[in-house]
Amino acid sequence: MSPARISGETFRFPVRVYYEDTDAAGIVYYANYLRYMERARTEWLSSLGFDLADVERVLGIVFVVHRVEIDFRLPARLGERLEATLTLLELHRARMIALQDVRREHQTLTHARVTLACLNRASWRPARIPADLHARLENLI
Amino acid sequence: MSPARISGETFRFPVRVYYEDTDAAGIVYYANYLRYMERARTEWLSSLGFDLADVERVLGIVFVVHRVEIDFRLPARLGERLEATLTLLELHRARMIALQDVRREHQTLTHARVTLACLNRASWRPARIPADLHARLENLI
Amino acid sequence: MSPARISGETFRFPVRVYYEDTDAAGIVYYANYLRYMERARTEWLSSLGFDLADVERVLGIVFVVHRVEIDFRLPARLGERLEATLTLLELHRARMIALQDVRREHQTLTHARVTLACLNRASWRPARIPADLHARLENLI
Amino acid sequence: MSPARISGETFRFPVRVYYEDTDAAGIVYYANYLRYMERARTEWLSSLGFDLADVERVLGIVFVVHRVEIDFRLPARLGERLEATLTLLELHRARMIALQDVRREHQTLTHARVTLACLNRASWRPARIPADLHARLENLI
C-alpha cells in the first residue's frame, strides 16, 4: 500500500463536446471538465468491476472528491472529440489520488490532480476502501 | 377544488444569465430554462411556507414534473436580468398545472405549461398534496 | 416535402447516467433529458454527414429548438444505461419535427415531440434547411 | 501593482441550493461549486461597474480561468442558503488571483484559489486588464 508509485496504466474514456458543454465564449465551460472527469472515474471503477450505484447501495460507502487542482491550458470547442484519462497516483486506506487529464489527440487541454475520499454514507466519515477494490487498485500503481 | 380557474396571482422570481447558462450559439441553452423554472417553483412553494427539502424529509412526498409543453420564442443572452413567473392554473388532489414563463421586462422569452405530480417518495406512486399546502394553493386559483 | 409521414427509421444513441445527471431525489434531473435529446440530435445529424459546428461556421445557420412537448413517465437512476432515440416526423423548408424518446430497454422513460427551426445565425430569422441536408432528411420520412 | 497583499475587502454573493445543483448522493455536485464561484466573479465585476458581456463585446477581451485549487470540506444540501465570497489576492497586468469560498454562515464548505487570465478574444493570447478596471482592482488589495 505504499503510495506515490507512478502508474504504468492509464484509463482512457472518450467524450464529445455538445452544446450543453459550451458557453457564450464559444468554448467548453470550465466546470464541465469536472463532469468529464467524473464520467471517467465512474467508467474506470466500472471497468474494474465496481459500479458506483451498487457500491453505494450495497456497501453504504460513497466516493467524494476532497480536493482538485486543475490547470486549464487550452480550450475545447463544439463538436470536438476528446479523451478523459485517469492514472492512479497514490492509494491509501480511505483515499486515493488520481491524475485526470482531458486531451485532444496529443494535446493536454486540462490537467488535474484529484483527491478522492471514501466515506460512510450514513455518518459521512472516512471509511476504508472495500478490500477487493483496494486489491484491484493496488495492481494499478 | 374545481380546476382551471385562471389565477389572479402570479409569482415572480428574478434570474440572471451567467456563462454557465449559455452555449456556443451565444444564447441561453434550451434545457436551462427548465432550471430557471424549477427555481421559481421552489421559491414559490417556499413563499407559501413549504420548503421542498422539509416536505420531502418530513412528509415523505416529492413533487415530480410529469409533463412540460414549452415554447422557445426569443433568446436570452449573457448578463441579462430575467424574471421567471409562475401562475397556478389547475389544482387537483395529487397534481397541479402551472404556467411558467421566463420574461425580459414585457417580453415573454419562453412560455411553458407544467404538470406537477405529488408522489410518495418510497413507492413513487401518486400521493395527495398535503392538506395545508392544498388549502394554501386553493386560495391562489 | 410532404410532412407527417411516419418514419421507418429510428436513430439510437446510448447514454449513461452519471452523478452529474442526477439530483437529490435520486433520479435523473428533469432538464437533463433535454441534454440527452440534444446529444442524440447532434449525433443523428453527424451520422448524416452534417456536423453542427461546421454547419454553423460554414453555412451561417443554426438549428434552434422552438417547442418541446415532453412526458416524464418513469425515472432513471444512477449508473443506468439508456438509449436516446430520434424519429423524424415532419420535414418543412425551415423547420422539422422529431419524436425523441429516452428508453431503458423496452421501456419509454420520457417521450418528447421536438420542433426544430433553422435560423440564419446573424439575423436570427428563419432560413432554409441546406438543400443537401434537406435531401438526406427527405429519405428518412 | 505589487501583488499578494491580503485584501481587506471581501465580496459576498448569496446562492441557494436547488434540485439542479444536487446529485444522487443528496449533496451539491462538486462541479457546481465552480458555477457558484463564477456567479460571484460576475457579480463582483458587475459591482465594480464592469459587465462581462459588455467587456467582451466592447473591449474584445475575455476573462478565463487558468487554474483552480479547491478543497471540498463540507457538503451542502437541498434548500440551503449559502454565500459565495471573493477576495482579490494578487493583481498582475494580465491576470489575477482570487480566494473564493462557499460558506454556510460561519462554516467554509469549499475553499478555492482561482487564477484568472485576461485574454484577447480573437487571438486567445494574454491581454492587459483594461486600465480603468485595473485601477478599480488595485484599490481592493
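The first chain written gets the first letter, and so on, giving A, B, C and D; residue counts start at 1 in each chain.
The rule is short, and it goes like this: a residue touches a chain if its C-beta (ideal position, glycine included) is under 8 Å from a C-beta of that chain, and two chains touch if they have at least 3 such contacts.
Everything quoted here is computed from the prediction, not taken from an experiment.
A.B. asks: Based on the averaged CA atom positions, which chain is farthest from subunit C?
C.D. replies: D
A.B. asks: When the contacting C-beta pairs are counted for A-D and for A-B, which pair yields the higher total?
C.D. replies: A-D
A.B. asks: For subunit A versus subunit D, what separation do you get between their C-alpha means, in angstrom?
C.D. replies: The computed centroid separation for subunit A versus subunit D comes out at 24 Å.
A.B. asks: For subunit B and subunit D, let me know how many angstrom lie between their CA-based centres, rounded off.
C.D. replies: 29
A.B. asks: In whole angstrom, what separates the CA-based centres of subunit A and subunit B?
C.D. replies: So the centre of subunit A lies 34 Å away from the centre of subunit B.
A.B. asks: Could you pull out the residues of subunit C that touch at least 2 other chains?
C.D. replies: Only 19-20, 24-25, 31, 35, 38, 53, 56, 77-78 qualify.
A.B. asks: Over in the complex, which subunit C residues touch subunit B? Could you list them?
C.D. replies: Against subunit B, the touching part of subunit C is residues 24-25, 30-32, 34-35, 38, 53, 56, 62, 64-72, 75, 121, 124.
A.B. asks: Subunit D touches which residues of subunit C in the complex?
C.D. replies: 19-20, 22-27, 29, 31, 77-78
A.B. asks: Which residues of subunit D touch subunit B in their complex?
C.D. replies: 16, 18-20, 35, 38-39, 42, 51-54, 56, 77-79
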